[in-house]
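The chains carry the letters A, B and C, assigned in the order they are written, with residues numbered from 1 in each.
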Amino acid sequence: MSTATYPADLQPLPEPLAEGNDEQFLEISMGPQHPSTHGVFRMNVVLDGEHVVRLKPVFGYLHRNHEKIAENETYLGSMPYTDRLDYICSITNNWGYALAVEKLAGIQVPERAEYLRIITGELTRLQNHASLIGFLLQDMGSSGTPLMYAFTQREKVLDLFEALTGSRMMCNYMRFGGCRVDLPAGWLDQAQKVVQEFPRFLDEYEQLLVSNEILMERTQGIGVLSHQLAIDAGISGPMARASGVNYDIRKVDSYGLYSRFSFRVPLGDHGDVYDRYMMRFLEMRESVKILNEAMRTLPGGPIVDPKMKIRGFRPKPGEAYGRIESPKGELGFYLISDGSPNPYRYRVRPPSLVNLTVLEDLCLGRNVADVVAILGSIDIVLGEVDR
Amino acid sequence: MDEKLKTELSKQGIFATSLQELYNWGRRSSIWPLNFGLACCAIEMIATTMARYDLARFGAEVFRPSPRQADLMIVAGTVTKKMAPQVVRLYNQMPEPKYVISMGACAISGGPFKQGYNVLKGIDRYIPVDVYIPGCPPRPEALIDAFMLLQKKIDEQHLTGADRPRFLNADQPSEFVVPRFGAHDLEPPQNPAIWKAPLVQITQADTDEPRNS
Amino acid sequence: MNLETVKSELEALVPGCRLEVVVNPSPSGQHSLLVDAEHAFAVAESLRNAPSLRFDYCSNVTGIDWPAKEVSAKVKVRKIVDGAEQEVEEVQKTTIPGTLEVVYHLFSVEQRTGPLPLRMRTTDRDSGVHLPSLTPVWRSAEFQEREIFDLFGVVFDGHPDLRRILMWDGFEDHPMRRDYVDPDDYEYEPTAHDQVLARASQHLTQAGGQ
């Protein structure tokens, strides 16, 4: 039984899949190994010719038992594992976890650390959105060249991360009460240079998207997500805002010091694949604004709470739910402490898994080629979906 | 043949080589990997193929999505027990000669997720691996180094004799047992023909003396 | 958002429901509402539809395993000792029965409020593991309830498609439970101790090693 409803304005509804009626339908399994680079994700698709009649996603191919392992680790010991959740944006994962633990134990974060978090977090957002658009164009058949342009920018940001944290991808940068390490000499100038060049790259890249007729044909009007369904299905992040839901956790919760920075929240009108892609461009421009301001006004001071002792860290019994606006959506961590050094229950609220709730709704009646574009626009990372 | 004589002749435009050298040179310069990324290491693998650390100059021109057209399977990322049968099936579908690079700590031995109930503790439990790359994730340069190591390994393969590689030896298998989903674990939990648990002396934690001294 | 006002409003909207405020002692101050399984669906619908509440966005669904716990307490009991009735201190052991808990974190997109954690508990951990599914109220619970069914074993009545999501279909255990024992994959541990040493030694003697 399915919760999705077949859209009335599309092709006539095919015969129900009753007993003996299956011969005209073809059931294929897209994945878990397929050229789309989203990872080991499988979709059992039932097709009537080229049109999707039913789509059931199958998860679990990357279920790495993160939550169970965290019950045996200390709080700080789980921090490197959070890097590997959404492995493209490791710093925002760290931030979400640090925020949840700070809520649980009542730890304050000094000002400079908040600014550093915002700077690295927005840099992560930049490189995530750039890679995503590259992956979209790659999935739609452009054989690698737009992806190479996106990855050039990504490499610049990864160089910054490597200079700061020692690792390109698994940065492990946040600590409870601040950040792990302060900026090395010359990092801020280098970062400002990278961010200043970014708008030029965005203009170049946007031309590929906006004036490309094939892309517009393939993305406009496809995979329309309505405002009501977006809220009901718990969709968050750029996908929800493309459907007009005005909910950006940076504005709603005002965590960190985001309230000091002026940035707009772009909203989409149609909620189709094209809107979801334009959302990423607009968000990248807003991120550039935040970055310029933050780097210009970076204060001095300690980078970690001086009162915070990590040795023998045992938060009082209780629970806390902390969430941030990660590049994919609402990333939340729910922690239950029983007074011991290990969490009693450690739960990750993955934005990618919840965003996939509507995959079937968006794909019904569409072609197989559209399924690839729709899946790309949802922006999933399997490390997060399966944990 | 004498190396100096070879270089002298090559200066005159005459190339002297053996069939083995020529055969191996052709094969190692055109290894086509299978498009097979599982987790985080896959992103580093993609970064290796991008413009900065170009893998195409080593012969890996295209990543083939179909196993029938690929020579090399770079297992990049954690292999879970749910995915393991698919990995072995894909390996079986690849035509000989085929190679496996186990990229990242997870593919070597389970990596940081070794305690997991759904994590396969290393892909070498079911398929033979040629090169292991440690790292979490290994840098793109490490992947390129592994690729070059594989190329060296192929260069040194003999075409005849007892130590010839698997694909020239009719007695050795080229397809391996695909594990099935059991009630609690994969069945079999490992392939005993390929992987034997390392027998080591286990020491006590509080002393350095071996237990059965 | 005051939890007491929410509680009294719900009690007015859904007569007969048993709500309890579970105080959260941590500095986060996120107190939760415990609802009984019978009226949970009606309470959820009221939370979503009531114009003053409008909790239309269910963000997170979590499963928690609380195994049975033995609590011993010193109790003063009147007993006959040496022919005379005296008050004697005795250690009494009581067992708090185990339960599986499901927590829903609710937010309101319209009114920008939240989080409101809503809790439900099962009767026990063996056969009484049925709870009403809140997927018809908030569609975001669909995959997350399937995950709780897979990893904890809570059966959600009324879920449109309840089957395993992360483990394979033939898998028989519920791995996130506290009493789950994972399969014995032989692992090489150079400085083994306690249970790992015991397990590994078994393999060594079987394989005829040193």
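Basically, a residue touches a chain if its C-beta (ideal position, glycine included) is under 8 Å from a C-beta of that chain, and two chains touch if they have at least 3 such contacts.
All figures in this text were calculated on a predicted structure; none of them were measured in a lab.
Trainee: Relative to chain B, which chain's C-alpha centre is the most remote?
Mentor: Using the mean of the C-alpha atoms as each chain's centre, the farthest one from chain B is C.
Trainee: Please tell me whether B-C or A-C has the greater number of C-beta pairs in contact.
Mentor: A-C
Trainee: Distance between chain A and chain B based on Cα centroids, please, to the nearest Å.
Mentor: 32
Trainee: Between chain B and chain C, tell me the centre distance in angstrom, where each centre is the average of that chain's C-alpha atoms.
Mentor: Measuring from centre to centre gives 44 Å for this pair.
Trainee: Report, in whole Å, the distance between the mean C-alpha point of chain A and the mean C-alpha point of chain C.
Mentor: Between these chains, centre-to-centre, one finds 28 Å.
Trainee: What are the residue numbers in chain C that touch two or more other chains?
Mentor: Residues 166-168, 175 of chain C each touch two or more of the other chains.
Trainee: On chain B, where are the residues touching two or more other chains?
Mentor: In chain B, residues 82, 115, 117-118 touch at least two other chains, as defined above.
Trainee: By residue number and range, which residues of chain A touch two or more other chains?
Mentor: 60, 63, 65, 68 - these are the residues of chain A that touch more than one other chain.
Trainee: Show me the residue ranges of chain B that touch chain C in the complex, using the header's touch definition.
Mentor: For this pair, the touching residues of chain B are 81-82, 114-115, 117-118, 121, 181-185, 189-190, 197-206, 211-212.
Trainee: Any idea which chain C residues touch chain A in the complex?
Mentor: 24-28, 30, 56-60, 62, 64, 103, 105, 109, 112, 115, 117, 135, 138-144, 160-161, 164-168, 175-176
Trainee: Quick one: which bits of chain B touch chain A in the complex? Just the residue numbers, please.
Mentor: 35-40, 42-44, 46-47, 50-52, 65, 77-78, 80, 82-83, 86, 90, 112-113, 115-119, 136-137, 139
Trainee: Which of the residues in chain C end up touching chain B in this complex?
Mentor: 166-173, 175, 180, 182-183, 185-193, 197, 200-201, 203-204, 207, 209-210
Trainee: In their complex, what parts of chain A are in touch with chain B?
Mentor: On the chain A side, the touching residues are 32-35, 37, 39-40, 60-66, 68-69, 72, 80-81, 84, 87-88, 147-148, 151-152, 154-155, 168-170, 382-383.
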